[in-house]
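The letters A, B, C and D name the chains in turn, as written, and every chain counts its residues from 1.
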Amino acid sequence: MSHNLLQGKKGIIFGALNDQSIAWKVAQQCFAQGAEIVLTNAPIALRMGEINKLSQECNNAPVIPADVTSNDELKNLLEKSMEHFGGKIDFILHSVGMSINMRKNNPYTALNHEFTHKSLDISAMSLHRLLQLAYNMDAIKDWGSVVALTYIAAQRVFPDYSEMADAKALLENISRSFGYHYGIRNKVRVNTVSQSPTRTTAGSGVKGFDGFINFAEKMSPLGNANAEDCANYCVTLFSDLTKYVTMQNLFHDGGFSFTGVTKEIIEQMEK
Amino acid sequence: MSHNLLQGKKGIIFGALNDQSIAWKVAQQCFAQGAEIVLTNAPIALRMGEINKLSQECNNAPVIPADVTSNDELKNLLEKSMEHFGGKIDFILHSVGMSINMRKNNPYTALNHEFTHKSLDISAMSLHRLLQLAYNMDAIKDWGSVVALTYIAAQRVFPDYSEMADAKALLENISRSFGYHYGIRNKVRVNTVSQSPTRTTAGSGVKGFDGFINFAEKMSPLGNANAEDCANYCVTLFSDLTKYVTMQNLFHDGGFSFTGVTKEIIEQMEK
Amino acid sequence: MSHNLLQGKKGIIFGALNDQSIAWKVAQQCFAQGAEIVLTNAPIALRMGEINKLSQECNNAPVIPADVTSNDELKNLLEKSMEHFGGKIDFILHSVGMSINMRKNNPYTALNHEFTHKSLDISAMSLHRLLQLAYNMDAIKDWGSVVALTYIAAQRVFPDYSEMADAKALLENISRSFGYHYGIRNKVRVNTVSQSPTRTTAGSGVKGFDGFINFAEKMSPLGNANAEDCANYCVTLFSDLTKYVTMQNLFHDGGFSFTGVTKEIIEQMEK
Amino acid sequence: MSHNLLQGKKGIIFGALNDQSIAWKVAQQCFAQGAEIVLTNAPIALRMGEINKLSQECNNAPVIPADVTSNDELKNLLEKSMEHFGGKIDFILHSVGMSINMRKNNPYTALNHEFTHKSLDISAMSLHRLLQLAYNMDAIKDWGSVVALTYIAAQRVFPDYSEMADAKALLENISRSFGYHYGIRNKVRVNTVSQSPTRTTAGSGVKGFDGFINFAEKMSPLGNANAEDCANYCVTLFSDLTKYVTMQNLFHDGGFSFTGVTKEIIEQMEK
């Protein structure tokens, strides 16, 4: 149901690969709540994905390719978006992550550190690049809102999540640090949303994902949060109803993060 | 601006003393967003306050007195509210706190422990009483939402906050614990909102409140959050857009909680 | 192996019921490391326990009964201990906890709140009583060290731990709060040690303890910490090697607290 | 005073530049407590420093240069150390950090990302390289202990700490992640110690360090912890008395981390 919660707001959505993506649902929800959007992803992801379908759904939202490791391409994205919107940006969703070592099946105890640099660059430093460019171009409206998606592996070890946990810890720290500077100057808010494990194309790439999502389901009093509900939550964070929430890591996980054990898990232990 | 975000929802608001109260603003915002509400407070607070004015603003919302340390009075409140609403409750705001030792000017190193029991009973165990009654009466709708207001003194020491910090730590734990049980059975969510220091009648009673609110202002990249914005935030937590957020302590504080120091504070240190 | 790490130090040990108790091991280790000690427990626990055996092992350490809910008895304990030691106290172990509701098999959703008050009084406010008396009697030496035992249920929900989780959250907050005040005046340190579930007489009273300790074992990279190792850890905190550690909650749990899941658990989930 | 707490243990100390360095004090304390040590630092730091003096104090401890961004040099260090010790290693201190952007006076909102990669490589990924090599060479004894020094800027923003905060967040996550894997296989413990700001050569390079250390001093109930006490704390973590402590970030900071405000700061605010 639409409440026009984002009426008049303009935002950029990173990372909508296909209709399984959280970013896809966020784009749909933002549009449904009255926002105008620009879609972006890596050139290669745009070729693989079905983003034009999403664009059409969202009133022919522009699709602007950007390699997040390139300052030039990110700058181009911000410039083109502001041209399209005819002004500054209200909100940004950062839903970007890739682990080269995981793709190559290198376990955490046998990482290739060149790959690690690349993983950190794509998954975490991309947020710094983006915010630094926006800050210096003064591209985000006062009281604007930036959300980056993350995972609880940045707080506790989930062994199969491997180097992505390091990337997410870095991402969350960048979010806090830039949240300080952008908050001081422009009241721009920066937060991370730490979402339940979700059956997206990216998620499914994680080894042992099935056992793991099953564990999370049984460890969450409300069950795992799905992508649609995550999108709803992001909408609240982009809206004016959450103006003083910044520099936070916000768990959207059905209670997983503060559950030590559940009766269901205990019963499973006795099998 | 209303988005009818709470259209059709029914809630109970504890603790609206006067128009400085956060609960007062929450009641106004919930009503503006389409909710029906019931107001409640301690009998003595009702006599002191101006709650009838608020009731009138909110379509003559019933005002039902309840001493939060009495199971009978809380039970009566829940029963009367359900009668009035013609069904179960969607949301509850718990904004209740009082420190007898602070009233008596007993510092933290000279507490009267009988008073402490009373302070814990009013400020923290009241939430347990309320949730236990609601749970056993099955008074809250599935996916309902309960929010209790708290303060960061439950995580870090603010010496003048004294025994209220102990009460808030207990309150937050009760919120998590009951959030587990109520989440498992009815998907009911329970969260605490940890708000900036706010110039309410209750807040102003804290010794050294001025120096303290000034410090918080300078330590928050966005400045201290005010009561209106806190009310907006509570609205998002009562809405269906945050269905998988539970058992969390959510800072609504302009970034204070994750700021170690600011340039302004450093400059102040050099005076 | 003794390193005389506590040579010349004098301490009070609460809660040594029998040779399964963590406090029992702490007393033995402190004595082995050169400390003089006083033992204390509730009068009823002294009758049930075998504390005289421990006293003999520790050079006939005095056994002074004290009901921790009585200011008078705690005051007597401090006075008698200082008389015995011929001076102030260097360290204190608080290992005290009891849940009346758990004894009565009242689940968390059906607590008797009078019992809860009693549980909080014994398990948490006892630390405040003790520290307040010590503070006002100036009974602890500068740079002295106080340790209270706690459990991670104060951070995350373990449903069978029930109201003891609330008591531990309160205990930890009292520890931080008093750590501030006693630190400012006398450099006295106050910390909590959050120990793995341990097969003590108290632990075994928790419902579902077996499934639960088994889960913790599989979720801890080093396995559950035992009572002897906990005693060793307490020794380091009483020693002069940890002088600037205060107001902390310190996990002694084989890594449980920062492990999200282990391979062993995932395998168990697939059964 | 020596307690021979590390009698028979063999360890590697990274980062002793001069007698202001925390690592220098750790080396001295470990030696005083009976350990044999190997010293290491970057080749350029060895040229600048006075490490031979420290070596002589420590029974002519070998000084083995190693650039922490080079797998080959780290491998050589581990091999040479094991040759010297005639066996595996018991403990390692990682005290390594450098921010190229800070050296170049680039603020956090104008980072050169190539420099950031270099800073992360030196300050954080160096720990991963080291542990990965040790893991694959099986160079650390069962129940061995690794400590890396960090700073609270990884949890809260200290604006002048700039990109080093990102590096420390990454370091702490690597410590947790590798602590899991090394704990499972060899019971090796990995922890970080989060130390008060300290007047070392590295610390003094931080802009606004004086105002900042002054703030920390006034915000810590025990005052800022010094380097000697930090060394003592590291000794306890290398000893067998802390065998079940792993994957933790341990604050050694006089209570700063859990203090929200102090009376002294409030008074300063009123000036």
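One rule holds for everything that comes next: contacts are C-beta pairs under 8 Å (C-beta built on N, C-alpha and C of every residue); 3 or more make two chains touch, one makes a residue touch a chain.
Only a predicted model underlies this, so the values are computations on that prediction, with no experimental measurement involved.
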item	value
Graph distance between subunit A and subunit C, where chains that touch are linked	1
Chain pair, A-B or B-D, that carries the greater number of C-beta contacts	A-B
Inter-centroid spacing, subunit B versus subunit A (mean Cα positions, whole Å)	30
Separation of subunit B from subunit D, taking each centre as the mean of its C-alpha atoms, in whole Å	42
For subunit C, residues that touch 2 or more chains besides their own	156-157, 159, 176, 179-180, 247, 257-259, 262-263
Subunit C-facing residues of subunit D, complex	3-5, 176, 179-180, 183-184, 187, 189, 196, 221-222, 225, 229-230, 232-233, 235-236, 239-248, 250-255, 257-259, 262-263
Subunit A-facing residues of subunit D, complex	71, 108-111, 113, 116-117, 120-121, 125, 128-129, 132, 135-136, 154, 156-157, 159, 162, 165-166, 169-170, 172-174, 176-181, 247
Complex contacts: residues of subunit A adjacent to subunit C	152-153, 155-159, 208, 211-212, 214-215, 218, 258-263, 265-271
